[in-house]
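For clarity, chains are labelled A, B, C, D, E and F in written order, and residue numbers in each chain start from 1.
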Amino acid sequence: MRRRRGIEALNRITQGQGRAVIESLADIAPALGDFIIDFSYGDVISRQQLDLKTRELATVAALAALGNAQPQLKVHIHGALNVGASREEIVEILIQTAVYAGFPAAINAVSTARQAFAERN
Amino acid sequence: MRRRRGIEALNRITQGQGRAVIESLADIAPALGDFIIDFSYGDVISRQQLDLKTRELATVAALAALGNAQPQLKVHIHGALNVGASREEIVEILIQTAVYAGFPAAINAVSTARQAFAERN
Amino acid sequence: MRRRRGIEALNRITQGQGRAVIESLADIAPALGDFIIDFSYGDVISRQQLDLKTRELATVAALAALGNAQPQLKVHIHGALNVGASREEIVEILIQTAVYAGFPAAINAVSTARQAFAERN
Amino acid sequence: MRRRRGIEALNRITQGQGRAVIESLADIAPALGDFIIDFSYGDVISRQQLDLKTRELATVAALAALGNAQPQLKVHIHGALNVGASREEIVEILIQTAVYAGFPAAINAVSTARQAFAERN
Amino acid sequence: MRRRRGIEALNRITQGQGRAVIESLADIAPALGDFIIDFSYGDVISRQQLDLKTRELATVAALAALGNAQPQLKVHIHGALNVGASREEIVEILIQTAVYAGFPAAINAVSTARQAFAERN
Amino acid sequence: MRRRRGIEALNRITQGQGRAVIESLADIAPALGDFIIDFSYGDVISRQQLDLKTRELATVAALAALGNAQPQLKVHIHGALNVGASREEIVEILIQTAVYAGFPAAINAVSTARQAFAERN
């Protein structure tokens, strides 16, 4: 149940990218991959209290502010686009990062967004 | 122009709380207060590329993830409520913090939300 | 199953303190409390690949390094003591924090340890 | 030698405050206090490659940016003043924190400066 | 006015490198580039309360401590050199990072300095 | 004395890798290399209050949680293996990082572990 719900949310948001992350964990930390599917996507991200687009934009905001999670930021920039956010909205979230976490975090997040956008063109 | 736009955005979002922060800076760092109004609120937060509710929820997500900005997190939990977010949506953002920044960050953010909610009752 | 395993691990490690944290979440974020029991304690912390004492000392090391999770650090200093670590071992972990995360993080962690130790005397 | 040099630097910069920190560590982590004197002050801070005022202003900048070391930030705001920095220079460093680490870090650092300044009045 | 003052400060400190950063933002986040010039350099960094060399050394200290802003650290190591700091002073700031943010932050900052120094040889 | 003790601890734990780090610092920051040997390894890490395996596992936990010290994390994953920890125990520490510092930190730490393990095969 959690597993199926998790896989559905993972597929809908990351369209294959998240699955690749899970598979890359299979060699040395398969339990971590299971927890990502069952807990992160099955328990938390598939909750109905927030629409998926707002959820993904908030995730982008959190990862940009943290500043040391660029691979995950890229996955969720794709994720936000996959569930209906526009590039303009994502960039706006990243610009706002300058206010709360400083310009270096914002600049580095925009670099990651540039890569993500390029992958979709 | 930036000043007026900043004050309007500050008032609309924080309904007096942000003004109190600005005034508390007036004794030793008035320029920082000016920058908050003119730059943070006048230049960035009043941009139209994102609706205010999504903007505030993203701010809550970023501050909760950073984990060392509890006073500002409280201001923006109020801010999110002031521009139309529900308590349920805010709590949902904070629960999601556990996935991206760990359970301690999520638990501490919920403590701050409890204080903010209590102040409004 | 996860629930029962989680409650057992929570009780064994935190001896009531963790339960108080869960209950404090019940008013506005009960799902977060459930996730702490079911996922953190039921899925992860009760895994058998590491003895509980090493697990708790590693948790103390991580929370001390993060530096913005003092309430959780206190819970796990108690937790480490509850599962067999000595005060001397815990202090040693905290001193080592100076090497990896700097002296301020180490000093603040020792302050938290002082409080935890005093609560047990 | 390191000990004497460390105590001299500690006294010159913190004028008793640092000594109080060392003494507060004596009950449970005396080795950490020794390392602060011998290594931090005796080995590093008393090096001659940088004048003390620049060194203390750089320390204030680093601690303000980290954001979770307010007690140490207060000690070094006093330290910077003790070795010749002006309040205006310190506030300027803290305002600049907004650019590199975001406005919350800057605002919280100014709050700490307000306390330090009040203690000297 | 802010724009001209910002461009002058940017040019003086970064001698072209900062301009390259601004231009790299022009495709997807031109507003962020404007904010860097007008706010960061025009409003904050060109303030007169601190000499430029102390300002840049403090910036180097803050970015080294944060630890996840290596591209910006490199820009400001160049910046500090451009406004009169010596390599020895910069290295001294980075060594001191070990005390406040831990040895990994100091070691990684020295690696970035090595790259910056090599670019100037 | 500190020097000899430091070199012995460095050699035992890092088996040459740490020595390479020290040598890489010799060109621009030799004092930092000395401090790593004399203070980090000679003063702190060679203390007897904790067995080396627990010490290294705690170091791995701290570095994984910090999230911006991947080169050092790799050195200490090797270090933990060199002093008797199993790959399974290290992976377990890294999985637990998800609970305290979030899934991105855990996933990135597992990537670093994969590289370290591959270097030993």
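Keep this in mind: a residue touches a chain if its C-beta (ideal position, glycine included) is under 8 Å from a C-beta of that chain, and two chains touch if they have at least 3 such contacts.
All figures in this text were calculated on a predicted structure; none of them were measured in a lab.
Enquirer: Comparing the two chain pairs, does D-F have more C-beta contacts than A-D, or is it the other way round?
Expert: Greater number of contacting C-beta pairs: A-D.
Enquirer: Compute the centre of every chain as the mean of its C-alpha atoms, then state which one is farthest from the centre of chain B.
Expert: Measuring from the centre of chain B, the most distant chain centre belongs to F.
Enquirer: Give me the C-alpha superposition rotation for chain B onto chain F, in degrees, nearest 5.
Expert: 180
Enquirer: Going by average Cα coordinates, which chain is farthest removed from chain E?
Expert: Taking each chain's C-alpha mean as its centre, the farthest from chain E is C.
Enquirer: Hey, how far is the Cα centre of chain B from the one of chain C, in Å?
Expert: Roughly 30 Å separates the two chain centres.
Enquirer: From the C-alpha centre of chain A to that of chain B, how far is it in Å?
Expert: 22
Enquirer: Provide the list of chain F residues touching at least two other chains, using ranges where the numbers run on.
Expert: 31, 35, 39-40, 44, 47, 63, 66-69, 72, 91, 95, 98-105
Enquirer: May I ask you to sort the chain touch graph into line, ring, star, complete or other?
Expert: Shape = complete; every chain linked to every other.
Enquirer: Please give the residue numbers of chain F that touch chain E in the complex, ascending.
Expert: The contact residues of chain F facing chain E are 21, 24-25, 27-29, 31-32, 35-36, 40, 63, 66-69, 71-72.
Enquirer: Contact residues on chain E for chain C in the complex?
Expert: Within the complex, chain E touches chain C at residues 98-105.
Enquirer: Could you pull out which chain D residues touch chain E in their complex?
Expert: By the definition above, chain D touches chain E via 39-40, 44-45, 47, 49-50, 54-55, 57-66, 69, 72, 88-89, 91-93, 95-101.
Enquirer: Would you pull the chain F residues touching chain A in the complex into a rising list?
Expert: 67-68, 87, 91, 94-95, 98, 102-108, 110-111, 113-114, 117
Enquirer: Quick one: which bits of chain A touch chain C in the complex? Just the residue numbers, please.
Expert: 31, 35, 39, 43-44, 47
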